[in-house]
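Input: structures, listed below.
One chain, subunit A, appears in both complexes that follow, with subunit B as partner in the first and subunit C in the second.
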Partner chain A sequence: MNIIELVAQWFADPAQWSGPAGIPVRLAEHLAYTGLTLLIAGAIAVPIGMYVGHTGKGRIAVVGAASALRALPTLGLLTLFVLLMGLGLMPPIWALVILTIPPLLAGAYSGIAAVDPTLVDAARGLGMTEWQVLAKVELPNALPVLLGGLRAAVLQVIATVAVVAYINLGGLGRYLIDGLAISDPVRMFGGAILIALLALVVDGILAVVQKFAVSPGLADRRRRKRRETPTVGAVQGGM
Partner chain B sequence: MKNLSPARRSIITAAAASALALGLSACGANSNPLEEDTAGPAASPGVSGPLVVGSANFPESQVIGEIYAGALNAAGIEATTKPGIGSREVYVKAVEEGSVDVIPDYSGNLLLFLDPEATAASADEIMEALPAALPEGLSVLEPSPAENKDAMVVTKATAEKYQLSSIEDMGPVCDELVLGANPEFAERGYGLPGLKENYGCEPKSFEPINDAGGPATLKALITDQIQVADIYTTTPSIEDNDLVVLEDPKNNFIAQQVLPLVSSASVGEEATQVLNEVSAALTTEDLIDLNRQVSGDEKRNPADAAADWLKEKGLAE
Partner chain C sequence: MEQPHRTAAPVQGAEPMVSFRNVTKSYAAGHPAVDNLSLDLDRGAITVFVGPSGCGKTTSLRMINRMVEPSSGTVLVDGKDIAGQAPAALRRSMGYVLQSAGLLPHRTVLDNIGTVPRLNGVSRRQARTRARELLDVVGLPASLATRYPSQLSGGQQQRVGVARALAADPPILLMDEPFSAVDPVVRAELQQELLRLQQELAKTIVFVTHDIDEATLIGDKVAVFATGGRLAQFAPPEELLRAPVDDFVAGFVGRDRGFRSLSFRPADALPLHSAATATLGSLADAPAAGWLLVIDDGGAPVGWLPPGERSTAGLLVGGSLFRLGSTLRLALDAALSSPSGRGVAVDDAGRVAGLVDAEDVLKRLETGRAG
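Presenting the complex of A and B:
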């Protein structure tokens, strides 16, 4: 029997679909860790990104910090936090948060910074306060880029949440880590397939959300602009 | 050539010269590996020359390898080391092929590698079963009392609270204890199934911690997030933190005595005697101490740590 058939058999086994180590529970755990990580990382990264994008202050520091965070090895961080804080839910989650901040920060910052300055000037000219400029002009205009950053972050987290199984948490990573520990490639393969499927499905959902969340007027305006004044479009594209 | 202008001629000369130079450098590039190959016979199988002492790809094995080589050299038997060869699959083959003459190994795991169906568990049973399981041309020498195996480890406080000195004592109170170990412990025969079968012990819960009894496991044990941990018996943290290794009277964790795996043809009587003396002198505490030197903060060179140990035991000067 080849590995594909064995994996199919693994999925077909009803024992796989119930109990505290069953696929539904592992899937729910995986999504819960992902959600929690994104919430915390979003609460940190998005305001900072918006502030920097809006004011232009601390741009170099933020870009530098985001790149530096990207370079940290997640598994190393995970072990470090466990050594500092002990076992539990939060040490691995903090390691994932650090991994998730860079794409969210980059999305929020570059989205806001890339908004056409003439629009911002016009908004100020109309007498809008800075908050209004941010909320009513910059944020809606930045949404496509911001959501792009979110999608990248979500994919990254779903794929990486598997590492929390390295130290006593659940999630789909359990199939990978336990399968590796007892040399059971079928279980590892099954876990990998589940993670990949989950990532694809969630990314698909986010793509639809992204499509509907962006103001139709904005999409319209962009199209028109590109058609009528190619130079502006080119500049925008370049940013 | 007569008709060629001087300029032409010099071009040809230059071309010839550079071709020659290229040829030479190509030769130079090739000659090194060739030389290494031809220099090989001195250390290669069958030919009498220095004994080659190998070691597996982890520090403890490397120190023991250095100890073997150091003792042999001190006894006037020339020996060189070939450290960090790889895993058991690789080094058993190396001994069979004769590129390595001696390598330290662990009795239980060696037996299970050679015969996955083996049921021997105690030190004596394993030593009885080993010779028959070994491929032709290989043999094992006297085992050392030093052992590196999985063990159930608790803090001193836990040991006192529940009056634990053996896993047998743990049986009745197991349901109050959280056990932390590598993930495979949940399913392997010596793990949770073995504890249940041999000692009637079913822990309150099992926490998989994938660092082979390393710092994260230790942290969880010391902070009482887990009460029992699977830590290898030669890990310095056991001594450093005053941890209690529980006895295993039913050999749930099979014996893993340190012993030399040798190529029978190249290790003579004299060398055998030297290695047997080393095995007799080596203890689990010694391994803890050696591991602390080479894997701890000090990161000592295994050869230096081995030399000190040999001196201390009077096996070398």
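Presenting the complex of A and C:
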């Protein structure tokens, strides 16, 4: 039997689909880690990105910090946090948060900063307060780029969350780590397929969300802009 | 068609709506953008700020709604110093129309127009009802209500911009080069539309332009700014054309200001000469000598036939028409552009009323000067 057939058999085994080590539980764990990471990273990166985009203050610091963070090696960071904070849920989550901040920060910052300054000027001239300018004008117009950053971040987190299995946590990464430990390529292959599928499905859902969240009035402009300049392509880094 | 210039209808004796008192705006380096400006803007009138680029006209406009803060001096709106007023509330109390229209691309036409009422706490439904009324006021079809700005032409966007400025019914409209980004035909339309609107609404309008023709057409009073932010002259347009105070203003208003100043002179006492006319059906009976003006059965002019030519093949069309009660400029233009050398005067119904002579226009100017 070749590997494909073996993997198919692995998926077909009912034992894979039940119990505390079954695929549904691992999937739920994986999503929970991903969600927690995005929540914390978003709470840090999006307000900072919006502030910098709106005021233009600290632009250089933010761009520099985002590039620096992106250069950190995942596994090294994970090990460092575990050594400093001990085992448990939060040390690996913090390591993941640090890796997730750059794409979210870049999306929020560049989205807000790219809003036409004459539009912002008009909004102020109509009598909007700074908060209203941000909430009613800059944010809706930055949404395409901002959600682009979010999608890049989500893909990256789903792929990277696998490493938390390295330090005894769950998630789909267990199949990779355990498979490696007992030299079971079928289990590793199955785990990899699950992670890839999860990433594709979640990205598809976000694409639909983006379509409905962004005003149709921006559709033409966005298409034009995408042809002219790559906006978020630059923030999509790998592990 | 050009009307005789409206006489300003400001509320006489009333306090000015906007006053600049010794206002100067300097940026860190170089000359002031606005230099010691003192100016009173009449209620219910259109005041135009005109001048070359970099003369401080837009800066001056933006000091009225605190988009720019003066370096020294005070700006009064309705008698009150605006320095102590909250900028956002002050801006919502004035309509603001920008060159690029500045419409919010993510909102429909209706929601763009309703922006300021919504900021003032009006319900969405009420704001939309008001916005629908305004579509009509600015001459846009109701079918545009749910479109987005990117789906509109430049002229339509500007109309939406004007509607948005009017939505909260503010007493003051600030218009910053509102028509300069549209083509000349649409611009002329928008100008006439603005004058029509103003006759109904009687807002205090401050209008910035770099185009002296637009300034003299639109303005009840025109403030000419010179480079360096100096106010060179503040006068009604006819005075500006007739008596520019210095070389700068004379140069800025242009070489043909003498001709253009005829726009401000009514042509009521101009003598009318009788015309030899014939309808298309009765050309054969018309006398062969002299120019013949061909009219239709309703009495409206169709064209000219030169002496001796009495067939429709030789018909010369063209030449502008002089409507009775309009200006000397139109009377002279009708005469100069007519194939026969005499301009066709028509009454309000468009029927031929007689002919005008360029010489009579000039004579009329002479007597005006003597009187």
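Everything that follows uses one rule, which is that the second predicted complex is superposed on the first by the 219 of 239 C-alpha atoms of A that agree within 3 Å, B and C clash if a C-alpha of one lies under 4 Å from a C-alpha of the other, contacts with A are read in each partner's own complex, and residues count from 1 in each chain.
The rule is simple: a residue touches a chain if its C-beta (ideal position, glycine included) is under 8 Å from a C-beta of that chain, and two chains touch if they have at least 3 such contacts.
What you are looking at is a predicted structure, and each value in this text was computed from that prediction instead of being measured.
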Clash or fit, subunit B versus subunit C on superposed subunit A: fit
Which holds for A:L87: it touches subunit B only (first), subunit C only (second), both, or neither? first
Per the contact definition in the header, classify A:A165: touching subunit B only (first), subunit C only (second), both, or neither. first
Between subunit B and subunit C, whom does A:T79 touch in the aligned arrangement: first, second, both, or neither? first
Tell me the contact category for A:A181 with respect to subunit B and subunit C: first, second, both or neither. first
Of the two partners subunit B and subunit C, which one touches more residues belonging to subunit A? C
With both complexes overlaid on chain A, does A:T129 touch subunit B (first), subunit C (second), both or neither? second
In the superposition described above, what is the shortest C-alpha distance between subunit B and subunit C in Å? Please give a whole number. 51
Could you pull out which subunit B residues touch subunit A in their complex? 180, 182-184, 186-188, 207-211, 215-216, 219-220, 223, 225-226
Interface with subunit C, subunit A side, in the complex: residues 118-119, 121-129, 132, 136-137, 140-141, 214-218, 220-221
List of subunit A residues in touch with subunit B within their complex: 79, 82-83, 86-88, 165-168, 174, 177-178, 181-182
Partner subunit A, residues of subunit C touching it in the complex: 65, 67, 88-93, 96, 98, 100, 102-108, 115-116, 119, 148-151, 164
